[in-house]
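Pasting a structure below so you can have a look.
Order of writing sets the labels: A, B, C, D and E. Residues in every chain begin at 1.
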Amino acid sequence: GSGDSGAAATAAPSSSAPAAPTSLTVFAAASLTETFTELGKTFEAANPGVKVTFNFGSSATLAQQITQGAPADVFAAASPATMKTVTDASLAGAPTTFVRNKLEIAVPADNPAKVDDLKDLTDPKVKVALCAEQVPCGAAATKALDAAGLKVTPVTLEQDVKATLTKVELGEVDAALVYKTDVLSAGGKVTGIDFPEADKAINDYPIAALSKAPAPDLAKKFVDLVLSQQGKDVLVKAGFEAA
Amino acid sequence: MLFALALIGMAFLVLPLAGLLIRAPWSTLPQRLGQPQVLEALRLSLVTATVATAACLVLGVPLAWLLARVPFPGRRLVRALVTIPLVLPPVVGGVALLLVLGRRGLVGQWLDTTFGFSLPFTTAGVVVAEAFVAMPFLVISVEGALRAADLRYEEAAATLGASRWTVFRRVTMPLIAPGIVAGAVLCWARALGEFGATITFAGNFPGRTQTMPLAVYLALETEPDAAIVLSLLLLVVSVAILAALRDRWVTTA
Amino acid sequence: MSDPHLRARLVVERPRFRLDVEFAAEAGQVIALLGPNGAGKTTALRALAGLTPLSAGDITLNGLALHTLPVERRPIGMVFQDYLLFPHLSALDNVAFGPRCHGASKQEARRTAAAWLERVGLAEQAASRPGRLSGGQAQRVALARALAAEPDLLLLDEPLAALDAHTRLEIRSRLRRHLGEFGGATVLVTHDPLDAMVLADHLVVVENGAVVQEGGPAEVARRPRTDYVARLVGLNLYRGEADEHHVTVGDVVFSVTERLRGPVFIAFPPSAVALFRSRPDGTPRNLWQATIEGIERHGDNVRVHLAGPLAAAADITPAAVADLDLTAGQAIWAAVKATETHAYPA
Amino acid sequence: MLFALALIGMAFLVLPLAGLLIRAPWSTLPQRLGQPQVLEALRLSLVTATVATAACLVLGVPLAWLLARVPFPGRRLVRALVTIPLVLPPVVGGVALLLVLGRRGLVGQWLDTTFGFSLPFTTAGVVVAEAFVAMPFLVISVEGALRAADLRYEEAAATLGASRWTVFRRVTMPLIAPGIVAGAVLCWARALGEFGATITFAGNFPGRTQTMPLAVYLALETEPDAAIVLSLLLLVVSVAILAALRDRWVTTA
Amino acid sequence: MSDPHLRARLVVERPRFRLDVEFAAEAGQVIALLGPNGAGKTTALRALAGLTPLSAGDITLNGLALHTLPVERRPIGMVFQDYLLFPHLSALDNVAFGPRCHGASKQEARRTAAAWLERVGLAEQAASRPGRLSGGQAQRVALARALAAEPDLLLLDEPLAALDAHTRLEIRSRLRRHLGEFGGATVLVTHDPLDAMVLADHLVVVENGAVVQEGGPAEVARRPRTDYVARLVGLNLYRGEADEHHVTVGDVVFSVTERLRGPVFIAFPPSAVALFRSRPDGTPRNLWQATIEGIERHGDNVRVHLAGPLAAAADITPAAVADLDLTAGQAIWAAVKATETHAYPA
C-alpha cells in the first residue's frame, strides 16, 4: 500500500530541482541506500507535501558533484575524508558523525578455509580480499591489522566494500574484512566473525546540511531526524553502531 | 577452422549469460519486475539511449565524413582525439563533463547565468553523458565504412551536378548504410549500458536520471539478486529490440 | 562566335605516364577520342569532368573557364566505362538523380527520367535496382542518366561497349539522333571504329598520351598516319619514299596513281592483296615474297597475316584458301593492284 | 552544413578534455607520474589491452564472418546476443564471468579441480574481462564491413579454386581491412578503458591486475587531482599510439 | 568416349525470368552463347560455375557431376563481365592466385603468373594494382588469371568487350591459339558475332532464357532462324510460304533459286537490296514499295532502314544516296536480285 503510493510520487516528473521548499535533495553514500530510503518515507510522512529525493552513489563522486555546484541540501558520507573535501570548499558547516561501522571477518557460508580469527588470514593458503587503502573500509582494515600486529597478503584490493563482499559470496576468496552491515545485508550467504581489534578501526559516517542548500530549513530538519533516536533505531537495525 | 574459432568466440560471449540465468532468482522474478521504479528506469534508459544515438548520428556521421574525406592539417591528431572518450574511464569522463558543462564549468557557467539552465542532474544531462561516451563508436565505425566505400560513385554523382551535401545525403549515406547501422547499434548499446559518466555527471535520481545500470548499481549495494534480475531485464529488452530492428534495417539497406 | 564551343588543353602527369592533348569542338559537334588501351582516353575525359586534376592546361566551354569550377558546377554529363549506377537506387531514380540535383521536384524529375528510360527502351526495368540489370541494360541506364542532366558537354566513355549488336545499332542511331539535336559538344571515347565513324564529326587519335592524328572520319579512314589507325580502319599502311608514280617501301616498289615526291604514306585494304603460290608473270611492281604468319576466319572471308619485307594482312575467300592450300609458315607471293593503293604525303 | 555539424561533434568530444587539462595540477605532475606504481599500471594496461585485442581478432573476425556470410537458423538471435556484453553494466558482466569462470563457476570449477588453475585475480583474468567487454565492438564493426563488401570478389576467388578459408584469408580480410582496423581500434580502446568487469572479475592488485582505470578510480576516492593526472597520462599514451598506428594501417590497407 | 566432355541442362528460376537451356560440348570445343542483353547468358555461365544455384538440371564435365560440387572444387576458370580483379593485389598476384589455390608454392605461382602476363602482353604492368590499369589492361589480366588456373572448363563472359580493335585482334588470335591447345571445353558469352564466328566451333543462341538456334557458325550465319540472329550476321530475314521457286512474304513475292514447299525462311544481305525512286520496269518479283525510316553511315557505305510491308536494311554507296536524294520519311522502291536470296525450311 504505502510502497505503491511512494513509488507513484517518485515517478511523477519533478520539475526543476531548485524549486520551492517542498522538495528536499539528499546526497548519501550508497551503503545508506536502504536505511535512508526508509528514513525518507518517515520524513515525508512527518512533513506532508514535502518530497525527499535521494542521490545515492560513491561518497567521492557525491563530493565531486557538490563541489561542482550540485543543488543538494544534505550530504551524508561514508568517510570523514570525503566530507572534508566539501567542508574545505566551505560548502557545509561542521559535520556531525551520526553512525559508525565496525569491521567483521566475512567468510562463505560453508567456510572452506576454516577461518575463525584474524590470525588465520595470514595463512598463505587462505585467499583474502581487502578493500583498497584509498577507500574507508580499506583504511580501517589496515588499522585493525596493524593493531593486531599481523601482516596479511591479500589477492585483491577491492574498490569498495560491496565488491569485496561479492567475492566472498561467490566463493572466490576464503575470507574478507568488511563491515558488519554488509554481512547482515548478505543474508545467509556469508558468515560474519567478530574480532577484538575491530574496535580500533571504526569508521565514522558524517552528515551535514549544505551551506548553499536550496531548502535549508528542510535540510536541518532531515539532519535532525537522522540524529534522533528514531533515526538511530533504523540504522542500528541495519547493523550500524550508534555514534 | 573458421567455424571452430567463430563458435569459440560465440561461446565466450554467450556463456556468461548462462551464468546469470542460472543464478537468477526465478521465483521472486515477476514480483521484482512488477515494481514501477524498475519500469521507470527501463523507460528512461531506452529513451535516453535512443535520443543520445540520434544526437550521435546527427553530429557523428558528418564528423566521420570529415575525417575520412576531407584532408586537413592535423587530421591524424583529431582522429586520435576522437577516441578519447573510449579510453577515458567513464567516471573520469563524467568529471570532465562536470568541469566543462557543470554549473561551475567552462561552458556550463555561461549556460547557467545566460539561460538559467544547467545540464547536470537532468535527463538532458543523462543524454549528454551517454552521447559523450558512445559517439566515438559511431564515428569510428562510420569512418571505417567510408574508407571502404567506392569513391567513384561519389564522383559519378558529382558529374551529375550533386553538391557535396547532396552527394553525402543521397549517395554516400545509403551506400554505407550497413556501416552506419553497425555504428548506431554499437552506439545505442553502449549508451544503454553507460554507467560511470552518467552517475557522475547526471547523478542518480529515480525517474529523472536513474537509468537501468544505475538501478543495477544500487541493487548491487542492497540485494545482488535483484541486480541480476534488472540486468536480465535490460538484456532481454535490448536483445529483442536489436533483433527486431537490425534485421529490418540490414535488409532494406 | 569565332571561338569554338569547347577548347581544351589537358596535361596530366602520372608517375609513368604523361597525357598532353589539345582539341576543340564546335557547338553540336561530336569528337571521338580513339586510341589503344592505356593511351589516356579515360584520363582525358576525367580531366574534362574535373575528376582528375590538371597538371597544366585549361578548358573553355562556351566562354566558361571550366577548369576553375568544381566538378558539380561543370555543366557536363558523363557515362563511365563501368557504368557506376548507384546500387541503392532504382533505374528510374538513377536517371532522376541529375534532374533532381538541378532543382527539379521529385515528381518532375521522375517524369523526365521515365521519358529517358522509355527512349533507351528500358521502360519496363524502371523499378529494377542496378544489381538486377544485365550488363547492357545497365549501360543504357547510365546513358539515360547522363543525358537526363541536360549537359552542355557530354562525356561518353565507351557508351556502347557492352551492348549486343542489335541493341547497339538501335542505341547508336538513337544516340546519333540525340547528339544531332544536342546543342553542346560531345566527347566520345571508343575503341570501335564504326562507332567513331558513325557518331563523330571529328576524330582525335591518342597514343601514349599524345595526339597522333586528327581529322574528319573520312579523312582519317582514308589517310591513316599510324599503324594503330590503319589497323583500326582495316588498312595496311607503310611509310615510303615517292618518286613520281613509284613508292619504295624497303625492298618493295609500288606503282601508285598519285604523283608525289619525298616521304609518303601508302595504304591499301587487305582485300586488295592477292596471294600466289609461285611468282606471277608480268611487271615486278607491287609484288613481294612473304611468309604466312597466321590465318583466321574474318566474317565471310579468311584473313591471312603475312610477315616478310612488309607486315600485311590479306583477305581472301575460303575457296581460295583451299585452292592455295595455305598453312602457317608457308612462303607465298603477294601482290596489290595499283588502283587499290592510296598514297599521300607523310 | 556538413562542416558545421562535424565541428560541433568534434568540439563535443574534445572540449571535456580541455576541462581536464585546465584542472590538472601541473606543478606536481612530474612527481606524480614518476611513481613506479603508475608506470607499472600503465604497462599492465597496454599489455592486457593488446593481448585482449589480439584474442578478439582471432575469435571475433571469424564470428563476424559467420554472422555475415553463413545463413543458419537462429542467426538473428545470435547476432543480437553478441551485443550483450555491450549492454550489460560492466560490473554485472564481471559477476557473470565469475559465475562461469570463477573458482566455483560452471567452467571455472572444472578448470580449478583439473588443472588447479583459476582465472580471477590473475593477469590472464584481466585479459578475459577486457576481451569479454571489448569483443562485441570488433564483431559488430567487422560484420558491418563484411556486409558492405562486394560479394562478387569472393565469388571470383571461389572460381579460381579458393576454399572458404583461403577466400576469407586472401580476399575477404584484405578487402575489409579498413573495417577490421576500425574494429580493432574500438576494441583496443574499450579494453584500455575497461574498469567495472576487470575489477569485479580479476580484482585489483598492483602489478598483477591493477590497470590504469582501476588506479584512476581509487585515486578519485582520495585525491581527484591525482586521478586527473593518471587519466591524462592514459589519454596521451593511447592517443599517441593510435595516431601513430592507425594512419600506417589505414594507408597500407 | 561416346559421351561429350561437357553436357549441361541449366534451369534457373527468377521472379520475372526463367532460364532453361541445354547444350553439350566435346573436349577441345568452344561453344559461344550468343544473345541479346538480358537473355540469360551471364546467368547460364554463373550456373555452370556454381555461383547461381540451379533450380533444376545437371552438369556433367568429363564424367564428373559438376552440379554436385561446390564452386571451388569445380575445375573451371572464369572471366567476369566486369573483371573483378582483386583490388588489393598486383596484377601478378591476381594471376598467381589460381595457381596458389591449386597448391603451387608462392615462387612457382608467380613464375606461372609472369609467364601468363607476358603472353597477354602485360609484363610491364605486373606490379600495378588493378586501380591503375586501364579498362582493357584489366580485362587482359582477368583473362590471364582465369587461364593460369588451368581449368577443364573455361567460362568467358565477354572476354574481349573492352579491348581496342588492335589488341582485340591480337588477343583474339592468342585466345584462339590457346583454346586450340586447350583440352577442355570452353563456353564463351559474347555479343560480337565476329568473336563468336572466329572463336567458336558451335553457336548457341539464347533469347529470353531459351535456346532459339544452335549449330556451326557457318550454318547459323547462313540460315538464321530469328530476327536477332539475322541482324547479328547482317542479313534481312523473313518467314514466308514457299511454292516451288516462289516465296510469299505478306504481300511481296520473292523468286528464289531453291525449290521448296511450305513454311520457309528467306534471307538476303542488305547489300543485295537496290533502291529506286520510281517503280523499275521488268518482272514484279522481289519488288516492293517502302518508306525510309533512317539513314546512317555504315563503314564505307550507307545503311538505309526501310519500313513498309517488309522491314529491311539496304546498304548503298554514298554516291547513290546523293543520286537518289534520299531523306527520312520518303517513299521508295526496293528490289532484291533472286540470286542473292537464300531460302530454307522454317
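Here is the rule we go by: a residue touches a chain if its C-beta (ideal position, glycine included) is under 8 Å from a C-beta of that chain, and two chains touch if they have at least 3 such contacts.
Since the model is a prediction, treat every value here as computed from it, not as a measurement.
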| item | value |
| --- | --- |
| Relative to chain E, chain with the most remote C-alpha centre | A |
| Chain B and chain D: spacing of chain centres that average the CA atoms, whole Å | 16 |
| For chain C paired with chain E, centre-to-centre distance based on mean C-alpha positions, whole Å | 21 |
| Whole-Å gap between the CA centroids of chain A and chain C | 87 |
| Separation of chain B from chain C, taking each centre as the mean of its C-alpha atoms, in whole Å | 56 |
| For chain E, residues contacting two or more additional chains | none |
| In chain A, residues with contacts to at least two other chains | 61, 64, 166 |
| Touching two or more other chains - residue numbers and ranges from chain B | 91, 95, 98-99, 105, 164, 175, 217, 220, 224 |
| Set of all touching chain pairs, with the criterion as stated earlier | A-B, A-D, B-C, B-D, C-E, D-E |
| Partner chain B, residues of chain C touching it in the complex | 49-51, 70-74, 76-78, 80, 84, 86-89, 97-98, 101-102, 145-146, 149, 155 |
| Touching residues (chain side chain A, partner chain B) in the complex | 4, 7-8, 10-14, 17, 30-31, 33-34, 53-57, 61, 64-65, 68-71, 162, 166, 169, 185-186 |
| Of chain E, residues touching chain C in the complex | 35-39, 42, 81-82, 133-137, 140, 158, 161-169, 172-173, 176, 191-194, 197-198, 217, 221, 228, 231-232, 294, 296-300 |
| Of chain D, residues touching chain B in the complex | 1-3, 5-6, 8-10, 12-20, 22-23, 58-60, 62-63, 65-66, 76-93, 95-101, 105-107, 131-132, 135-137, 139-141, 143-145, 147-149, 164-165, 168, 175-176, 178-179, 181-183, 185-186, 189-190, 192-193, 195-196, 212-213, 216-217, 220, 224, 227-228, 231, 234-235, 238-240, 242-243, 246-247, 250 |
| Contact set on chain B toward chain C in their complex | 152-153, 155-164, 166-167, 170-171, 174-175, 177, 253 |
